[in-house]
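See the structures that follow.
Both of the next two complexes hold chain A, though its partner changes from chain B to chain C.
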Partner chain A sequence: MTATLFDGIVQGLQLSLLAVGITLIFGLGGVLNLAHGQFAVIGGVAAKLLLDLGAHPVLAGVGGVVTAGLFGVLVDRSLLLPVYRCRGEDRLLLGLILTLGLSFVIDGYLNYAFSEFSLTFSLPIPSVKIAGIPMRTAGLANSLVAIVVFLVLFAFLRSTLLGKTVRSIIENEVGAELCGIDPARTRMIIVGLAAMMAGLAGITQGLFSSLGTEMGPEFTILGLLVAVVGGVRSINGTLVAGVFLGIVNAFASRYIGAYVAYIILLSVAMATILARPGGLLARST
Partner chain B sequence: MNNWPLCLRYIDLVLLSILLALVPAVSAGSPYYLRIATLAVVYMGWTVGFNLIFGHTKQLFLCLGALAGSAAYVTVVLIQHFQLSPWITVPLGVSAATALGAIFSYVSVLRGLGVIFLGVVTLAFSLIFQNLILGLRQLTNGETGLVTRGLGFSLLDHPVAAYYLFFGVLALTLVVYCSVMDSRMGFAFRALSDDELTAELSGIDVTACKIIAATLGSAIIGLFGALYGFYNGIISPSVFSLVNVDIPVLISLLLGGMRTRLGPIIGAALFAVIEEFVRPFGQLDVLVYGVLLIVLFVAFREGLLPMLRQALGLIPQLAIFPTVRETDDRYKKRTLM
Partner chain C sequence: MIVRVDAVHVAYGSASVLHDVSLEASTGEAVAVIGPNGAGKTTLLRAMIGMIQPTRGRISYDGKDCNGLRAFEIARLGMVYVPAEKELFPGMTVFENLELGSYRNVRNTSERLSYVFDLFPRLEERRQQLAGTLSGGEQQMVAIGRALMGCPKVLLLDEPSTGLAPKVVEELYRQLAKLKTTGLTLIVTEQQVQLVLSLTDRAYVLEQGLIRLSGKSADVLRNPGIKAAYLGVA
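And then the complex of A and B:
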């Protein structure tokens, strides 16, 4: 019971880590990033390449995260420029299609160039006992990374000037611009940051089980689901939604079976969106 | 414009129908090209349905494959288990898809879901549909799918006849679409696609309009889905997956131009051409596909048809396409949240 709960929280944190980037990019740029799962895979592939070059696993991980972040900045400064020139509905649609196209490009290239790819990190100690419950160290390390990232993210958004800028743009882009904030610059930093978090999620997936190049679309869909259940503009909501769905999935797989668990997960996500269309943490529905 | 005789008002559609009707003669006995043309007609039908749902009333359904698939599966499973005639099961399958579409629309309007939220709810439904089909193995034969050859209308087993059948259904669909768009309902659709609040304030029942559009669109998608199930010879989850139905239809609609009557047809035809162009790239086809998608959308943001109209509108004598845009984009202030 408790073990399943912990397992769910671990999975949930992984989901949140993946989804928080979608929330940030949507909140800041009004673009629903359909290539977000592919960012995660890019991070994983870069880490694997560094590992093969003989780099230390931690260094390889950092390298992967940085590569994903740089790629995110590159995408923001090139592909998304025409998107930012539109407003309202046009921006949403163009963003949807261009990131969809980007996800095809990344998937097509990675599946072609790294067809045999799989990233697995193995930790020296496979499992430890905490309070009498055997836990996989991979899961623990994974959660630890996610928790640290979220703490840093919250601290960044609450107390730094840049973080406040970010929150003000999420609140009201035009208003922020009138106060002298440059949305383009902030956006670039945040898209880079979001891509870094996606890359990190891709690498921690390698800790968990293994990461393949074909997992991009699945990551994107899961991230999208979590971000929308959380309310797509709220970072706290994304965190809660990820953990919630992770726990639902863990319990469903434990007690009902892996195949039905996915259907249950999707149904719960659907029901949550319908019950609270403003997001899990919205004050009024 | 409205005083023109009927055949002149719809001259674009008449010309297009003649063009489409000539396709089997041009492809002259090549079953390969005839099959591609037939598939293109199926996608045109789906895109017309999606244009009603997403183009005219802003409801992003990402479960087109699931709608088409549920119609096809209901049709085929009923035939296999109860030995019913396709004349009975096709309407039942189509009603299943219609009911699903109506429910999604009703629930989303009731809960005030924004575009993205409805998109993700229907996306989740698509995945549930896929998993259910995989799981209900004794009914659906899981991943392998069900063989449908010989079960349906015998017309569909003959390539040329099948093409004309789909062409006929498409023509019928377009007639229904045009008569709806020319009725008071059509004006209501245009009004609410401009600004929902203003439409509501001028006495349009936005809820009813949205549900009717989604119901009609889902019925069209279901009908093409059920017939396509027979034509394809096999139905399996992958035939109706997101990648095989929803994404091509979405791209076709945006490529051709939303909220236009010719756009879905041109978009789907162009998409079929692009697919053929990409095929020789083998393993890299997905990459080329993505690049094309990006380039086309950066170049033709509004869709091909509105661009074509603008170009033709410059020459007054040639202005057979209506050039009126409903409102100037600059005055549209709309958040889609």
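And then the complex of A and C:
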């Protein structure tokens, strides 16, 4: 029971890490990034290539995260430029189509170029006992990374001026422009950061199980689910939704079965969206 | 002239909203733009700060050509717009809203903050409150305060009295008069014609996208046509 709960929290934090970038890009750019899971896979692939070149695992991880971030910036400055020129519904639709296309291109290329790929990190000590419960160190390490990233992200948004400009654009893009804030520049930084967090999630996936090049679409769907349940503009909501759905998934897999778990996960997500359309943490009005 | 609008045309699709509109303001001057709803007052201000690109005509600020500049670039130059919708950050505190107003000039933040709090003491009491929870009058103070944080030379105010109680409007206009004495250039659109004409030096009357009349505010106020149309006096 406790082990399942722990497992759920670990998976949930992983989901949150994946989804927070979707939330940020949507909040700031009005684009639902359907290639977000592929950003995660790119991070993992880059890390693996560095490992194969003989890099230290930590260095390989950092390299993977940076590669994913640079890729995000590249996408922001090229593919998404015509998207940002549109407003409202047009922007959302064009963004969906272009990022979906991008996800196909990335999937096709990675599956073709790295057909035997699998990224697994093994930690020196496989498990430790905390309060009498055996826990996998991979899960702990994974959660620790996610928690640190979230703490840094919250501190960044709350206390730094750049973080406040990010929040201001999420709150009101017109108001931000009236203050002299350049939305395009801020957006580029955030898409880069979001892609870095996705890349990190791809790499930590290799920590507690293994990452394959075919996992992009699954990551994207899970990330979207978490982002939507969390309210798609709320970063706190994304964190809570990820942990919540992670726990649901862990219990469903443990007690009912892995395949049915997906159906349960989707049903719970749907029920949550119906009950709280504004997201888990939406202020009730 | 710190602001010069020269024969500007604006069209939304095939519907033209402003025809051949020209307007100027010199440093420290307060200028009113009055006219009925839908005359194009808001469109004029939005064109001036780059939220709308004019189809023809020139807009210049402080000797610089503003055509083609984006809204954030014009704000950085020192011509700041306070829209009727206020466009605040509702989920952020009053302090954060103001802080973002001076984000291009962080070194001045604390000095400007005390200036704004001096002008609107109410904001200091509410500095940790979320902007979305403030009253209409307080939100207008935040909007003007946020604009002032960036040390603007020109302030464009769109219908600052809209939705405010008469007493609050009176108080707001007292502060605007105070701002005028500091050498700030003000361009104000307003439904409350009498009020804005007593604040400003000169006025333009905009009707159906055309400047019908312009002159000293006191003269415009005495104009029989204006009296009949806007003040309900025959």
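Worth pointing out:
The rule is simple: the second predicted complex is superposed on the first by the 284 of 285 C-alpha atoms of A that agree within 3 Å, B and C clash if a C-alpha of one lies under 4 Å from a C-alpha of the other, contacts with A are read in each partner's own complex, and residues count from 1 in each chain.
The rule we apply is simple: a contact is a pair of C-beta atoms (placed from the backbone, for glycine too) under 8 Å apart; a residue touches a chain by one contact, two chains touch by 3 or more.
Quick caveat: nothing in here was measured; it's all calculated off a predicted structure.
For the composite obtained by overlaying on chain A, chain B and chain C can both be accommodated side by side without a clash.
Once chain A of one complex is fitted onto chain A of the other, the partner contacts of A:S209 are absent, as it touches neither chain B nor chain C.
When the shared chain is aligned, no partner comes close enough to touch A:S127: not chain B, not chain C. When the shared chain is aligned, no partner comes close enough to touch A:T160: not chain B, not chain C.
By the touch criterion defined above, A:C179 lies against chain C but remains apart from chain B after alignment on the C-alpha atoms of chain A. Counting the residues of chain A that each partner touches, chain B and chain C differ, and the larger count belongs to B.
Applying the stated contact rule after C-alpha superposition, one finds that A:E171 touches chain C and leaves chain B untouched.
Think of it this way: put the two complexes on top of each other by chain A, and the tightest Cα contact between chain B and chain C is 6 Å. Annotation: chain A has no residue touching chain B in one complex and chain C in the other.
Only residues 107, 111-117, 120-121, 123-125, 127-128, 131-132, 134-135, 247, 250-251, 254, 283-294, 297-298, 301, 329, 332-337 of chain B touch chain A when the two sit together in their complex. Those residues of chain A that touch chain C in the shared complex are 161, 164-165, 167-168, 171-172, 174-183. Against chain B, the residues of chain A that register as touching in their complex are 32, 79, 82, 86, 88-90, 92-94, 97-98, 100-109, 111-112, 221, 224-225, 228, 232-233, 259-260, 262-263, 266-267, 269-270, 273-274, 277. Remark: chain C residues 49, 51, 70-73, 75-76, 80-83, 86-92, 96, 99-101, 103-104, 106, 146-147, 150 touch chain A in the complex.
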